[in-house]
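There are two complexes below, and they share subunit A, which is joined by subunit B in the first and by subunit C in the second.
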Partner chain A sequence: MASSGAGYDLSASTFSPDGRIFQVEYASKAVENAGTVIGIKASNGIVLGVSKPLLHKMVVPSTCSYKRIHSVDEHAGIASTGFLPDARQLVGRAIDEAANWEDQYGVKVPPEVLADRLGYFMHYYTLSGGLRPFGASCVIGAYDQDTKQYKLHMVEPNGSAASYYGVATGKGKQAAKTELEKLNLHKEPCTVDEAVKHIAKILTMLHQENKDNEGKPLEMELSWICEASKYKHVGVPKARIAEVTAWVQEQLEEEDDDEEEAMEE
Partner chain B sequence: MTTEVSMMHSAESQNLKDGEVSTGTTIIAIPFQGGVVVGADSRTSTGSYVAVRTSDKIACLSDHIYACRSGSAADTQALTDYIRYYLQQLKIETGRPARVKSAAHLLQKLVYQNKDNLSAGMIVAGWDPVEGPAIYSIALGGTCLKVPFAFSGSGSLYITGLLDSEFRENMTKEEARTLVKKALAHAMARDGSSGGIIRTVAITAEGNDRDYTSQLPYGPVSY
Partner chain C sequence: MLPAAVPSRQHTVQPMVTGTSVLGIVYDKGVLLAADTLLSYGSMAKAQNIPRLHVVENTVIGASGEYSDFQRILEILKAKALEETTTSVMDSLYTEESGMTAENTWNYLRMLLYSRRSKFNPFWNELLVAGKDLKGKPFLGSVDKIGTTVRDNFIATGFGAYLAMPLLREKWRPDLTEGEARALLEDCMKILFFRDCRASPRIQLAKCAYDEVLVSEPYELDTAAAWQAEAYRQSVGELEDDGGW
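Up next, the complex of A and B:
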């Protein structure tokens, strides 16, 4: 699928003859090579998860340094991937949009509006000759206080935003999407507790399947919005993450054993 | 925290420009089960001259949100025009009807940021799918208060006792409307800047019901 830009890829304000803007596509490449992000909209909440494999032992393994999931407002959070400094800029913009909305209208920004505004902003950077597109995608999880509904959106480097039942982006997005589709979230939503398990399992599987990660620990960032978090966007409690990590290990060992049995037969 | 009440007795004390008209007024909003009744008198005065006897001080801001205007007619018309525009844009962007809270908040911002140049006391009342009936009172300096019922304008002083005594929660639409008319009639009897006809609008989820009457339930002549 890699085609040569052949001179049409020098600026974001140039279309190619087959109607593509190469600079924007290259920006998406930055996302495709970065850590996996998964979001699930459950019946009673939203869960966002980011795979943060620890690259070398000198990095302090805590979420404070190079945090990947940020709260945009009490009721909304963004998990981002791609070129991390670009992602941080986008989060900053989202925070401003949310704060301005509340200042103007006295209510929390509705999730769809936040996603649209961020998309609008990202799209602007694909139009101007002097600017480059953002090399990051944002997965937005939010709770709409007025309609009492949870919403999951993703905004991509080209500026398009859409609402999802389940979404994955980053390096492992193909495999993650396959797993998400098996869950049938669009027919029957899972609960928030199940969603945490699903995301943890998929992220761990993807990490382990990659031979390069042999021996490197996976650090996951998980956040949620649900009744247990008082409808606010917060990190999933450490105790819960520990439980789920243990559960995932069991599950994967069982599946390995099942596979081995199947092969022996 | 004090809510300023304007004593509108003369053009000078109201900070009106020469020739500017005032809606020295009585305006009121009373909730009922499933909605709000807003009411106003219809006198627009320039000093002691009644410029318009049958003016409409009840402005529609959106499908289910109305504002009652008191103070400078020019200022309040300009403000309601802005809010109507903002609420239209808000509906397009969010795809849902605006909340009464948002309308009141927008108006508060405008009044507070321009308090030196404005003379406007308004009541924003209506119904939205999130909260149901809601009433907000926005005073001269930009104070915005959510209240169970509201009354404002120069004539409102004379009916404070009446309303405190007669207001009940969970009235029916007709009971609320009757109370609105009664209170307005009493205010119009005592306040020189309030008079004319009584206009009312009953706002509910299903729709709005606008009416007026020149038969005041209380006045110098009993019909």
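Up next, the complex of A and C:
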């Protein structure tokens, strides 16, 4: 659906004749070309996962450099993708919103409020000709201590925020969304442990399907909020990630074998 | 003609709801703090079961002076702790250790209190900070409302500086055991109850030792025996031949 902007795409404050703001759409393109992010709201927790394409071998591949999942408060975290410096600005804004809410009202910011505030902020940058929209999407996972519920939201470059059972964005979002729909999360939520496995499996599959990634190891960042993490947003324990990675390898090999058998028949 | 509006006061000139002394002592394995649980409103005993020793990360802070300022200081420290441990740290998805020790909390409080005093709007408190220093050794320090900092093996704020410090100076040794330190502090708290009009016998202790930071529930000091002292039961005039002069 590539259409030429033909002069209507020079500024975020201009509509095209068919009612589109091209600058905002171009910002979404930045997100579509970046690493995949998947979030799942389980019955007893939230899991966020990011696939980090290894930029080049001189970059130190630990979570310290170009960290993609950030804690916004004890009870909330954001996994972002797109133009990474823009994403970092958004995370900084979310941190400020959360700290401000706690300072004023004495309680942790409710997840919906955090998502709304971030949405307002991102939307503001789509209103003026002098500013450009943020080229990043944020997936927000948070726990509401009052209602004892987990909430998953995604905020996009146009400023829209919605709550999700499962969400994917970034390069592999189409394939990831198909896989998530197969899981039927909207009818029957899975558990947090299953969610970790699903996300790891989907991210690994997407990584392997891309021929360019032949021989390159997958860098994954996984974080969760659940009872085991004391309802705080922390990284999924490294031991668990190792287990799950091994499980994913087995699963994919089995599926490959099954496919081969099916083809032979 | 409407009367002109009186400008509202922009700077603290006097404390309203106050706490009295806080005592601290370093013993062989850590630090002990003691404070009573009374909040006074001038000469009125306003609230009698209010904790004046609070834990922030792995540090205990005790405050005397204006209680509302102490509450604000605690809010500020909690927000700082959130930044240090959750939102700024590069590795925070996996970090369990906090970067905030008692020593750097003490330094941060110094900056906070000194900058407020420099604007003639002080936090009207004297704070004791207890925990570990940057090298892991037991740490006890104080910060007052004008930003003076003191680090020592035993410190007392408020009236304690006059009544308790002499006792602490006399009895302190570097190899005090926890039991001895506790007995010493309780003795000082009793003296303070007897002689400080704004003190109460309901006290609370806090301990920072090894890796544990604990604050006790408030309990009453046993002062009944003291009222039986000879001097209270017999007038001094009858005690000696010369009438006690």
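Rule of thumb we're sticking to: the second predicted complex is superposed on the first by the 265 of 265 C-alpha atoms of A that agree within 3 Å, B and C clash if a C-alpha of one lies under 4 Å from a C-alpha of the other, contacts with A are read in each partner's own complex, and residues count from 1 in each chain.
Heads up, the rule we're going with is that a residue touches a chain if its C-beta (ideal position, glycine included) is under 8 Å from a C-beta of that chain, and two chains touch if they have at least 3 such contacts.
Keep in mind that what you see is a predicted model, and the values were worked out from it rather than measured.
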item: A:D9 touches, of subunit B and subunit C: first, second, both or neither?; value: neither
item: Partner chain(s) touched by A:D86 [first = subunit B, second = subunit C, both, neither]; value: neither
item: Touched partner set for A:E25, first subunit B, second subunit C, both or neither; value: neither
item: Partner chain in contact with A:K67 - subunit B first, subunit C second, else both or neither; value: second
item: Partner chain(s) touched by A:I95 [first = subunit B, second = subunit C, both, neither]; value: second
item: Touched partner set for A:V107, first subunit B, second subunit C, both or neither; value: first
item: First (subunit B), second (subunit C), both or neither touched by A:G235; value: second
item: Residue contacts with subunit A in the superposition, subunit B compared against subunit C; value: C
item: Subunit B and subunit C footprints on subunit A, overlapping residues; value: 103
item: Interfacial residue positions of subunit B with respect to subunit A in the complex; value: 90, 93-96, 99, 101-102, 104-106, 109, 129-130
item: Residues of subunit C defined as touching subunit A within the complex; value: 75, 79, 82-83, 86-87, 90-94
item: Touching residues on subunit A, where the partner in the complex is subunit C; value: 63-64, 67, 69-74, 95, 99, 102-103, 221, 223, 233-235, 238
item: Subunit A residues touching subunit B - in the complex, by the definition given at the top; value: 103-107, 110, 112-113, 116, 146-147
